[in-house]
Amino acid sequence: MIEVSELTVRFGGVTSLDGMSVRFEAGTCGLIGPNGAGKTTFFNVLSGFVRPAEGHVRAFDEDLLSMAHFRRARWGLRRTFQTEQAIESLSVYDNVALVHEHSKLGRANRRGEVLDAIEFVGLRDVAYVKVGTLGVGSRRLVEVARAVVGKPRLVLLDEPAAGLPDAETAHLGELIRRIPEHSEALTILVDHDMSLVSSCCPVTAVLDFGKMIASGPTADVLRNEQVVRAYLGAEEFQ
Amino acid sequence: MSTAELQSATPLATPPSAPRRVERADLVRTMVIAVLLVFVLIGLPQMLSVYYIDSMTQVAIYSVVALGLGVLVGRVGLISLGQAAVLAIGAWVAARLLFATSLPYEVVLLASGVITMVLGTLVGLPALRMRGLYLALITLMLAGAITVALASLNFPNGGHGFSGYNGTFVHIPSLRRPGIATTDPAYFRYSVIVAALMFLLVLAHVRTRPGRAWAAIRQSEPAALAAGINTTLYKLWAFALASFITGVAGGVLAGAVRYLYSIDFQTQDSITLLAVVLMGGAYSIWGAIVAGLLLQLLPAILNNAGVSPDWLIILFGIGVLQVLTTAPRGIVDQLPRDISRLGRRLGGLTRRSAASHGEAP
Amino acid sequence: MSGALVLRDLVVSRGGRDVVRNVSVEIAPGEVTALLGPNGAGKSSMVLAVGGVLPLKGGSVMLGERELARRRPEHIRRAGVAIVPEGRRLLPGLTVEDNLRVATYALSNQDAAAGRARALELFPELDKRLGTQARALSGGEQQMVVLAQALVSAPRFVIIDELSLGLAPVVVQRLIPTIRTVAESGVGVLLIEQFASVALGLANRAYVMEGGRVQYSGSAQELQDNPDLLHSAYLLRGLGDGGSAGPTDRVPAGG
Amino acid sequence: MHALLVMALSLPSWQDEQPFLVTGLALGGVYALSGVGMIVLYRTTGVLNLSFGAAGAFGALIAWQLINHSGMNQWLAYLVCILFAGVVTLAYGMVFGRRLAGRDAVVKTTATLGLTLILLGAMDLLWTSNGGASRAITLPTDSHGFMIGQVQVTTTDVIALAVGIAITIITTAFLRFSKLGTAMRAMANDREITATLGVPVRRVEAAAWFGCGVVAGIAGILLADLVALDATTLTFLVISSLAAALIARLSSIWITFAAAIVVGVVDATLTPITSLTNYRDMTPFVLAAAALLVLNRKRVLSLARQEF
Amino acid sequence: GSSSKSSSKSSSSASSSAAGSASSSGAASTNTAACGSKAGAPATGSPINIGTIDTHQPGTDFTDGPNMITAYFNCVNANGGVHGHPLKLFVQLDQTQPSQVAAAAKQLIQSDHVVAIDGVFDLLECTIDQSFWKQLGIYEMDAGIAPECWSTPNSAPVNMGPRYSSDGAVQYALNSVHASKIVFVQSNVPGTGYIAGGPAALAKAAHVPITELTENVPITDASSVAVNLVDAAGANGSVVLNFTPPEALVILQAVQKLGLEDRVKSWGCSTPCDTDFLAKALGPKWNHKLFVNAEAVDADDHNGPEIQLYKAILAKYGSSVAGGIGSFSQFGFLLAKFLVQALDTVKGPYTMKSVNAAIVGIKGYHSEQLCDPWTYGKLALHIPNNSDYTVTPDNGKMITAQGCTQISAADPQIAQYRSVAKAHGVNLG
């Protein structure tokens, strides 16, 4: 459970988040909104890269914002980046192990859990290959594996399917749907591919100009007039 | 680096059993290194003239310095143009302690390592806020400042006071060496052992948790933070490690040269140091040894051949340009590929000839 | 304006491997042409090579009578061929305003001002961001800037790699008629797009690339009507082998 | 506290400081010249040209050779010097600058150290300081001058400061009012993309490299006169200008100018303060380090991939 | 043990050039014939190996010294050698790295089997190798800079060195100019701190205040330095510089540019300033304003038989002496001449022992170029060149301002040397 209240972020004259309040309960939740609405900024606040001007975030009854940024991963917060950031000079295994060894998890079962995550995203065959030699699709999967290894509590996915063709998006969607059962984490998915969002997320929240304009069951949200006007555009989705 | 690395990567068809193989290769590699080390320790001093033994001692010392810079540049992505100044600090501390105390040499080495580590980390502390070009330039500035300060302060020569320098000496005493290594071959062995220990120390870092953390930091700090890495800590750690081993190298250097002068630690040396580290290969442990050879053995050979040292500088300049434009991973990356190609060809030959021998009745 | 942009038998090599092999594509003026294909098919490499950024190993790029292959990027741009490379490659340290100004470098001051105005009309979202450094923009805003850079500078041909990357649906919808208008004004457009429906909806002709080769070429309508065609082209390569890491040396059937 | 008091008491009077101010201003002018030259190139190509000093020194030594051993007219020889520095820098830019264009700024800058080493080695090879022989370039303007109060000011001093001011004004105007200025900054960001946008990058960068080299040549001659005609000295004197450029965060030309003047003046005016005089050469380092640390207080996280 | 690797470094190619000169005849060969015992007869015996270590690094090149010795040896070898034995010089160059200097010494002894060390022109060598030479019983002859060149039993230099030359310049300012204050300034290059001790002692003995300053080199703001020196000395004071020629020139030119020459009573300089180049570079305003201590005669002004021989050897064999006529090659000539003279006295085989016995036995060797005869001797310290003269610029040339004068024994080192030398029976002028 994560509860965001009155979150405001300003960059100079730009207000990227403007009193954002929302509550994500469990499972996989969608977060959508027009370009520049503040979705990535919201993720950056959660991971500690951006310090909000105002507001609070409580996650599983802890004050997330008072935590040092690198501690949040230890606490169980994981994310992927809009521009993929897998570490090229390390193997897939080391990429994932890296996250594991900086979490609170013991080392006893490290190898097993790391391989488990790699298996989960379907990269077992290339587990010892350097990431630098992999293609875009696989790199995104490496990021997903890093996000689910061990026992994450909160997984943030920032446009993981951008630039992936339909078939691979479908594969990715399947993975995202299985994250809650794999690791019991609360997952927040940002993407502009509505078919991916509606197939993965039972609930969705919509951000516009830094404010929440709608939230609830995905199907309802996507029919919301305001959302259609601000984000989806007139004709799409029926 | 990203493009270069991609380009150098051949399309892989790595079999799933890779890890097992890697372990066997590791074992072989360890054995090879052990044999090499034994040869260097026992065989080499017998074969070389004193002239080359001394320059090999320097190679051992400067390999460690290059290794430290290699950790910063190659592993963490922090360019430092001030490592010669750090070496100078290490040597200064060691010299001061050697004159002032009668501590065992090993203790002096450790102390100069630790004190240099503290100072180096202090330098690293503000530098942590910046990276890339700014870090390179600020370290260049700091190195320049340290050079000027050392020129005014002077290296200890057995005098009293904080600086341990007495300008009026018409007789400058030499620095002592460890009791077990007073002769040149013995001191060479001593240096190699210390260097080997420093290499092991770095290896122990690179192969494990800090190594992976550094790789993450090098590529993208936000990604590293998101992976739970305390980037400040690990960057300081890298500075501390590099300064420590450079400080120890400074201590070994003090005993090797026995007289220290600030002219031997110029701002320019930091630049040539970076040049050879890049030429050798900042990403690899072996690169450090190549850098040491380039920096100390090559000049000795050229000097002995009567070639002007100016050529060496020109050579380093060309080397830097060559490496940066065509082989960003340094000589150690290129050479083995050439050698392994050669080896494969030779291997093919011997196998063929062995086969033909076997066939002979 | 007459004459198509004809790419013939292009070969592009990356990392010592041919990633585009004998690809021929024709981009007609006044039309939208779609280029589809899975990850690693070689689409982006082809775009970069046409734009003069990557070296062409073989083939020709003819603009009417003019050979553009192996010319420098600025020549190709000045000849009227604008490319939008993949990955939102803008000028990160410059403001949005300056990014647009550079894109109209070759135009007269008047045309440049008009171009800038058109860009803001197309992407009103950028209006408030004009003074912001491009690297601080959101992903979608960056995509808008690179599209604007190509569209405002009066090209004769535009090649857009990943049109809708990171754009909100509402923006994509706004773009579709724009692209159509641009094409109707006589510009030849080549679209690379992961949302096949978007691309095929716009395009007259379509090509499908896989493993560095063109596996299909024909009318966009036909592809849209027979999704199986598209899938069969895509699926030649089997799924889940980890994207583009798989060996592509096998010569696929057909082509 | 006590040390401060002692220092304060031994501070020289304004009267005593005046001549130091003059030399400081002249040197500061040349540092500004060099600093601005480097910044223009940096803003165009992303290369901080550390071979700047070496190219100027090489040119100055050639001029010396021509004047003293070939009997060439000295103005012609200075022209040769300027052209040489321009051409060497241009050649480097065309061969290596271009091949490294897509790499990280720190790589591009490190590569210029390669050129620096080559030039330095070649200079020592060609003009060894054999037996401590010394060389000098003496501009005719050295013997002209005037007095301000008690202080002798030579025309060379005036020229040095004037050239520094002139280049500052000219480049500022150029970068601000011409669209070439924007194109130059765009190139430093991403040369490839700038080219695909239709900017004639080769011509623009050739102009920048050559211009930088020419400025290096001018600075080389002035510094050879004001400081010394010595390869190593002139090569590493670039650090003072570099400090000024750094204080300006490698972007503002006016701040570079101001910082260069400050570096020159502080360095010179510390001379008569006995307790600090031997440490005064630390001025550029200290000022730049302090400025960088203060200016970089705000942490910036960037997702950009770094080389090395 | 050392390998049997043959070193192909810059040893003199004695035999080949000897053969070359034998066939050529004419005026030059009769001029140079004086260097050997048998004019025109090439030496064919087993060579006598001599070693030297010299600084050669970017910015500092002392190789004119050893190159001149090689030229002299070639001349000797072409004219009968030393009792028929040719001389061979093994040169080790160093880049001011202590370890390199130490290694070079061992290389010379162990690989090159030299029997004597002659002609060391080095920044560090005396300091670093002293104990090694002592251990082996080698008496080196050098032209040094490091303090140990003058203060140890196993080294004797032909030059006077920075300290005693500075003494000379200060002495002139005190005794001849009657300066009421001395400002002594030198570089703060490490290991040169001991130099200031001499001038300080001299000034103290004369009850004249002295200010000692150091400057970072290279000097980047000579104008500031110049102003500072003038301010420090005052109208009745003298400024004495101890720098290498480039640095001294830079300061003096700045003085000239700012018109400060006359703001002090006189300017002084240690030996390195004694070049016509400097006289030329400075204008006529400096005539009898700048007084330079000169360690050896100006070869351009003198034309005795020794100077003639020096010039002839330089012309015929000295193509590698880049600087031509100059103090480096003059000292090289002296070091070679004294060595050959000493070797001539050796009876029997040329071993390390016999040769070094001859060297240390050198006593009262005359030279036109020095004020006093030169003596080695088993002494605790050696300052055999301790009496010299002063020159001053005169319209682009250096002319003599004061003839041979003994350096004052107010410098305790000089006093100590004179007392041990006297005990040894050396006649000091």
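Order of writing sets the labels: A, B, C, D and E. Residues in every chain begin at 1.
The rule we apply is simple: a residue touches a chain if its C-beta (ideal position, glycine included) is under 8 Å from a C-beta of that chain, and two chains touch if they have at least 3 such contacts.
Model, not experiment: these values are computed from the prediction.
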Problem set entry | Chain pair bearing the highest count of C-beta contacts | B-D
Exercise. Which chain has its C-alpha centre farthest away from the C-alpha centre of chain A?
Worked result: E
For this session: Please name the chain that ends up farthest from chain C once chain centres are defined by their CA atoms averaged.
Result: E
Exercise. Quick one: chain A and chain B, Cα centre-to-centre, how many Å?
Worked result: 42
Exercise. In angstrom, rounded to a whole number, how far apart do the mean CA points of chain B and chain D lie?
Worked result: 32
Problem set entry | Rounded Å distance, chain A centre to chain C centre (Cα mean) | 29
Exercise. CA centre of chain C versus CA centre of chain D: separation in Å?
Worked result: 44
Exercise. Where does chain D touch two or more other chains at once, residue-wise?
Worked result: 120-121, 124, 232, 278, 281, 301-303
For this session: Would you give the residues of chain B that are in contact with at least 2 other chains, written as numbers and ranges?
Result: 2, 6, 9, 11-12, 148, 152, 218-220, 222-223, 225, 308, 310, 313
Seminar exercise, completed: Residues of chain E that touch two or more other chains sit at 58, 188, 214, 216
Exercise. Contact residues on chain E for chain B in the complex?
Worked result: 1-3, 5, 7-10, 56-58, 92-100, 102-104, 106-107, 110-111, 124, 127-128, 131, 146-148, 150-152, 188-191, 193-194, 196-197, 214, 216, 413
For this session: Spell out the residues on chain D that touch chain E in their complex, using ranges where they run on.
Result: 16, 19-20, 22-24, 26-27, 120-121, 124, 128-136, 138, 142-143, 152, 154, 156, 226-228, 230-233, 237, 240, 267-268, 271-272, 277-278, 281
Problem set entry | Interfacial residue positions of chain E with respect to chain D in the complex | 58-64, 188, 213-216, 218-225, 227-228, 231, 244-250, 253, 257-260, 272, 275, 277-278, 281, 322-323, 326-329
Exercise. What residues on chain B touch chain D, complex-wise?
Worked result: 1-3, 73-74, 77, 79, 126, 129-134, 136-138, 140-142, 144-145, 148-149, 152, 218-223, 225, 267-268, 271-272, 274-275, 278, 282, 308, 310-321, 324-325, 328
For this session: State the interface residues of chain D toward chain B in the complex, per the touch definition above.
Result: 48, 96, 99-100, 102-107, 109-111, 113-122, 124-125, 232, 236, 239, 242-243, 246, 250, 278-279, 281-282, 284-286, 288-289, 292-293, 296-297, 299, 301-303, 305-308
